[in-house]
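The letters A, B, C, D, E and F name the chains in turn, as written, and every chain counts its residues from 1.
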Amino acid sequence: MSEGVIKKFMYVNRKPPYGTVYALESLEVVLIGAAFDQDVSLAFIGDGVYQLTAGQSTGGIGMKNFSPTYNALGDYDITKLYVEKESLEERGLAIDDLMEVVYEDEDEDYAEKPSIRLVSRAELADIMAEQDVLLNF
Amino acid sequence: MSEGVIKKFMYVNRKPPYGTVYALESLEVVLIGAAFDQDVSLAFIGDGVYQLTAGQSTGGIGMKNFSPTYNALGDYDITKLYVEKESLEERGLAIDDLMEVVYEDEDEDYAEKPSIRLVSRAELADIMAEQDVLLNF
Amino acid sequence: MLHTVNKSPFERNSLNTCLGLVKPGSAVLLIEDGVVGAIKGTAIEDQLIQAMQSCKLYVLGPDLAARGLAEDKLLDGIQVVDYGGFVDLVAEHTSVQSWL
Amino acid sequence: MLHTVNKSPFERNSLNTCLGLVKPGSAVLLIEDGVVGAIKGTAIEDQLIQAMQSCKLYVLGPDLAARGLAEDKLLDGIQVVDYGGFVDLVAEHTSVQSWL
Amino acid sequence: MKFGILINEGPYQHQASDSAYQFVKAALEKGHEIFRVFFYHDGVQNATRLASPPQDDRNIIALWSALAKEHNLDLVVCVAAALRRGILDENEAKRGGKDAHNLADGFRISGLGQLIEAGIQSDRLVVFGD
Amino acid sequence: MKFGILINEGPYQHQASDSAYQFVKAALEKGHEIFRVFFYHDGVQNATRLASPPQDDRNIIALWSALAKEHNLDLVVCVAAALRRGILDENEAKRGGKDAHNLADGFRISGLGQLIEAGIQSDRLVVFGD
């Protein structure tokens, strides 16, 4: 179907979870898209960083907590979750406030490695500029 | 239907026209609400001030220009359109950039008077605090 | 008067606009995505501390929990309410302004 | 790279986030409610003048006209395009980032 | 106390309808009366009976229908907003020459006057939206 | 050049669908190809045939249907988003045991893979939303 073409896909996440559906439906595309063998990464910018906070508990608002799904991404070879450092800081958050998201590195005897990569705004700008397809939700 | 109760209704407008439907549908409620003989006012705060700009021309975006409707509000005894001064200034606008919206004052031999009242943030806060029902779109 | 704010103060100016128009003695309740403003150490912390000198600040607990923000992270002085508390706040104040 | 921004910079931080992440030589196109940022004398004027030192700034004319903002009010250096010009901008740049 | 509720957004896309539902449930539990829930703008999308959310997700529309039945709630959908967006009862479908209708149980379609009336008759009006 | 288009918002509430329509029309006039228009999130609401906007307003859904017919456009509605929000074709209505369907002419319901494919096959993907 993809005829051997490999493009760089980036999913740009900028909204908190639950207040709107974008975070959940973004994750649904990411999972489906995994079957296409493209070079996939996720960016969490601005309020998008709240999608990765640890300890989400949605019983009180009557919604499903979909945050465990981020940890399943590694099984689909989606291992690049870029989180903008400045966005965390502005929000009073640190990397420790986020979930641990890991993947098993096939090339290194399935060693567990972190999927979340803390990057500066300048680094993220460079990564973004390299993308072919940017999906914004 | 209203059994003689007169409440202060304020329609709070904070979004530019056309980018979203809120401005148009807010106007629809205001017009319907006019039949209920309540004490009605409209507030234009933040980007809501763009709803009143003069010279709106929507041919290029394929939408209906509904801005002339504001001038019909006077016929429905809706004569209080509060525009926050600070919001205009922040946006590089002055009162001259807005439409002229007028009404005929029955008590003064139908003299034409301006409906738009430029108020400071502090004055608007006072007016808001007096309202019974605030409708936000 | 009760003001509700349901937008993140980092992405939208709803809370800022609200705080510019609240009268002393009013209450502000953060709900939905608005709750993210309620924690310590954010870029808007000073603005909230200032606001609390004349108004009461509340945050909806269930929305806070959903976004993984523990109550021990809250800025001092902000009170947590549940939906029942939201209802009580509406009942206690004579009018409600929702800063959507 | 082409960046589009469709939100008012006075109510949302989309444009601000965009300008923090654009690389020199990129283009930024303001559309829909985003066009209101393009005029002279606003609170974000300096930020745009600064941005134009390394990027090109465009605004969608039909959206500007709809909001009653005449082209003579535009900040110097911002270019007006129509939908055809929007299409050309997309074609000229190798990727598009929509700051929704 | 008597509450009126206004919902401006559709289900799922925004939390507005969920928040309103939780608020109304809590208000009823505290013995308050809900004068009316009015659905405006995309809020009218809360009234389609054709939605089938995933099994593991909440069904917002069914929740409203059930709450309305249990507490005899008046759920009113704005007719102008509904026609614009394709929410129809049998009657409106017939009038508009449409071959199907989709209004869910427990909702009724009516005019914007019902919203103003809710503002007048209720002790408080609470707005949920985006 | 080949363009893919993604629309994340419903008609009327946001300008997204209008902007996308104007963009697609301009692209076709310039001789570009539209690989696919994909409707996701509330964007699926652009595909109901039950909408009847006021006479003096544009009918966004009819505009898309007409453009699709004229230029043989592939208008694809995400099945998961559509089921969640009550947009159904005859087939999905049957499968879900629903008594009506509402998909407009010229649209088809399919999976999210169609969006990824549009990203791969198109030279550019342009997103319209809120």
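Note that a contact is a pair of C-beta atoms (placed from the backbone, for glycine too) under 8 Å apart; a residue touches a chain by one contact, two chains touch by 3 or more.
Small disclaimer: the values here were computed from a predicted structure and weren't measured.
Q: Which chains sit in contact with both members of the pair chain B and chain E?
A: Chains that touch both chain B and chain E, as defined above, are C, F.
Q: If each hop has to land on a touching chain, what is the smallest number of hops from chain B to chain D?
A: 1
Q: If you average the Cα atoms per chain, which one ends up farthest from chain B?
A: Computed centres place A farthest from chain B.
Q: To lay chain E over its twin chain F by CA atoms, how big a turn is needed, in degrees to the nearest 5?
A: The superposition gives an angle of 180 degrees.
Q: Report which interface contains more C-beta contacts, comparing A-E against C-E.
A: Most contacts of the two pairs: C-E.
Q: Going by the average position of its CA atoms, which chain sits the greatest distance from chain C?
A: F
Q: So how far apart, in whole Å, are chain A and chain F when each is placed at the average of its C-alpha atoms?
A: Their C-alpha centroids are separated by 26 Å.
Q: What whole-number Å value describes the gap between the mean CA coordinates of chain B and chain F?
A: The answer is 34 Å.
Q: Among the residues of chain E, which are close enough to touch at least two other chains?
A: 8, 12-13, 15, 19, 22, 41, 57, 80, 125, 127, 129-130 - these are the residues of chain E that touch more than one other chain.
Q: What parts of chain A, by residue number, touch at least two of the other chains?
A: 14, 18-21, 46, 61, 63, 133-134, 136-137
Q: Counting only residues that touch at least 2 other chains, which ones in chain D make the list?
A: 6, 10-11, 13, 32-33, 62, 82, 95-96, 98, 100
Q: So which chains actually touch one another? I want all the pairs, not just one.
A: A-C, A-D, A-E, A-F, B-C, B-D, B-E, B-F, C-D, C-E, D-F, E-F
Q: Per the contact definition, I'd like the list of chain A residues that touch chain E in the complex.
A: Counting only chain A, the residues touching chain E are 18-21, 61-64.
Q: For the complex, give me every residue of chain C touching chain E.
A: Contacts found on chain C: 4, 6, 31-33, 62, 82-84, 86-88, 90-91, 95-96, 98, 100.
Q: Mind pulling up the chain D residues that touch chain A in the complex?
A: Answer in residue numbers: 1, 13, 17, 20-23, 26, 94-100.
Q: Quick one: in the complex, what on chain C touches chain D?
A: 10-13
Q: Which residues of chain D touch chain B in their complex?
A: Interface residues on the chain D side: 6, 8, 10-11, 32-33, 36, 39-43, 45, 61-63, 65-70, 73, 82.
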